[in-house]
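Heads up, the next two complexes both have subunit A, just with different partners, subunit B and then subunit C.
Moving on to the complex of A and B:
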C-alpha cells in the first residue's frame, strides 16, 4: 500500500519536474536557439547572469521546488531499482536509510544555497 | 500483519537488462532506467557545483565553470545529460499516459493467437520517439552554435 502512494508521488513529481526542468533547460542551455528567435539571455553560466537570477525570489522558489521534486523522484527511482534485487528486509531498511540520509544532505545544501544568495 | 512480498527476482542483476521476447517498449524501459541512473549521477555533481562551490563567491564559481566549459569531455557529457533528460521526460510522459490507461487502445476479445499489451506496436510510441530525436537535434544545434 505504501509503495502505491510512493509511486503515485513519483508520477506527479515526474510531471512537475518536466515543466520546471523544461524552464531550467531552456534558460540555461538553449541560449543559441533563443538567440535565433531574437531573445538574448546572455551567458547563463556567467557570474553576473547567475547572481542576477539568484537575487530574484521567483528563481529561488523555482530552484527549491525543482530541488524537492527532483530529489524525491531521483532517489525514489534509485530505491525502486535497487529493491528489484529483492534484498532481505534488513538490507531494504539499510538501503532506504542511506538514500534518505544522502537525500536530506543534498536537500539542506540545495535549500541553503539559493536562500543565502537571495540577498 | 502479514506483508505481501514481491516475487523473488531469480535473474538477479541480469533481470535489470534482460528484455526477453518483449518488443520495443521493453527496451525503451531499459533505456529509461539507464538515462534515469545517469541523471541521478549528474544531479549529485550538479548540486555540489551549484551549492558548495556557488556560495563561495565569484572566484570559485568562475574557476569551476572554467574547468567545466574548457574540457570537451564535459561538453559531450553535458549534451548527453540534456538528451537523457529529453528522453526520460518524454518517455516518462508516455508511461504516465499509459499507466493511467490512456493511449493503450481498445480492449479486444481474447481470441487465439492472443495479443498481449506489452507486445503490441503502438503508433504513439513511434511519435514520442520521433519528437525525442527532433529535440535531440535542436539541442545539438545549440551546442554547436553556442561556441563549441
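Moving on to the complex of A and C:
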C-alpha cells in the first residue's frame, strides 16, 4: 500500500494547502475586500504588521505547516512526473534522492526564518 | 432536396493510405496509397480486405469476427483508434483514409501491433474469481448466488473485448512504457467489485505499484474511445477509492457470495414439456 499512502498524503496536503493558503490570502492580500464588508484589518503588508505577526506563535505554526505541506505536495508531484517519463529503478533512486535532499534544504531554510523572527 | 440525400456519400473511390512496415527489410514505417472502389455499407475492414485480396497480398492486419466482438482489428483510422470492422467509411465523410497500427504498442508488421505486454498486464491482475473455498472452486456443487444489484455494480466492465484501443488512447501509456494501462486497471476493479470474489488483497498488490493505478491522470481518453461503450476511467477512479478506503481502514469487509442452496427435491418445470420433446420423437 506504499503508493496509496504516498498519494493519500498528496491528496490531504492539497486540501490543507488550500485551507492555509486561503487564510494567508484573506488576511494579507484581501484587505480591500474585507474593508468592503466593514472589516478593518489595517495594513497587513506593512513592515510593522509583518513583524507583529511574526512574533505570534500561531503564525509561525501556520507558515511552517504551509511550508511542509507545500514542499511535500510539490516535490512528490514532481517526482511522479519525472518517474513517469524515465521509468527505471536506477532513475527512481536518483530522482528520489535528489528530491529528498533539495526538499530538506528548503525545509531547513524555510523553518529558520519564522523561528528566528519568533525568538 | 431531402435531408437524407443532402448527406449522401458522393465518392465512388476511397484513397487508403496504409502504414507499411516490415522489420525484415529494414525500412522505416511509411505510408502506401491504394485506391479502392466504394460500395454502400463498406467498412474500413472491407477496404483493407479488398486491398489484400486484389492489390497487395503482403499487407498484414488482424481480423476475425467482422462484427465488433473479437477486438482483433483495432487500428488508428484517421488518427482515431477504432475497430476497422465497426467503422463505416460513409460515416467518416471523406474519401481519404489514413490507417496506421495502434500507437503505444510495438509493431510486428504493417498494421499488426504486438499485444504481448498488453495481455501480460491483463494477466498480472489475476482476471478470474479467487475464492478461499478451493474445494468448491475445483469441484463445484452449485453456483454462487449474486443479486442483480451486485451484478449491476460491475456489469459494464465485463463487456471488455481486450482490443487495446484504450491503451492506444491513454496519454500515460504513451509516456510511461511500464504503466499497467486502463484495460488491466479497469479489469482489476471488475473482479474486485464482484461479490463472488475474495481476491482483492492479491490484486491490490499488483496495481498499487510504481507504474500502477496512481499514474493514471484521469484524462479519460480510454472512456472516450472504447468501442463497446465501457467507462474504464470510472472503473479506475472507483478502484482508487477502494484503495484509499483500504489504506485508512474504512473499507467494509463483505461476506463473499455463498453457494446456492439446492432444493431438497428436484423441481418440476413450470411449463409443461410437449409430449414429442419429452419422448424425443
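Descriptive notes on the structure:
Basically, the second predicted complex is superposed on the first by the 117 of 119 C-alpha atoms of A that agree within 3 Å, B and C clash if a C-alpha of one lies under 4 Å from a C-alpha of the other, contacts with A are read in each partner's own complex, and residues count from 1 in each chain.
Throughout what follows, contacts are C-beta pairs under 8 Å (C-beta built on N, C-alpha and C of every residue); 3 or more make two chains touch, one makes a residue touch a chain.
Since the model is a prediction, treat every value here as computed from it, not as a measurement.
Placing subunit B and subunit C on a common subunit A by superposition gives a clash between them. By the document's definition of touching, of the two partners only subunit B reaches A:30; subunit C does not. Once the two complexes are overlaid on the shared chain, A:2 sits against subunit C while remaining clear of subunit B. A simple residue count on subunit A separates subunit B from subunit C, and the partner touching more is B.
Legend: residue contacts after superposition of the two complexes on their common chain; A:112 is shown touching subunit B, with no touch to subunit C.
Look at A:85: by the touch rule set out above, it reaches both subunit B and subunit C. Overlaying the two complexes on chain A leaves one subunit B stretch of 8-16, 44-52 or 134-142 clashing with subunit C, which is 8-16.
Subunit A residues 11, 84-85 lie at the interface with subunit B in one structure and with subunit C in the other. Against subunit C, the residues of subunit A that register as touching in their complex are 1-8, 11, 80, 83-85, 87, 92.
By the touch criterion stated above, subunit B contacts subunit A in their complex at residues 5-9, 12-13, 15-16, 33, 36-37, 39-40, 43-44, 47-48, 50-52, 54-55, 58, 61-62, 65, 69, 82, 85, 89, 92-93, 96, 99, 138-139, 141-142, 145-146. Listing the residues of subunit A that touch subunit B in their complex gives 11, 14-15, 17-18, 21-22, 25, 29-33, 36, 45-47, 50-51, 67, 70-71, 74-75, 77-78, 81, 84-86, 106, 109-110, 112-113, 116-117.
By the touch rule above, subunit C contacts subunit A in their complex via residues 172, 175-179, 204, 208-215, 243-244, 246-248.
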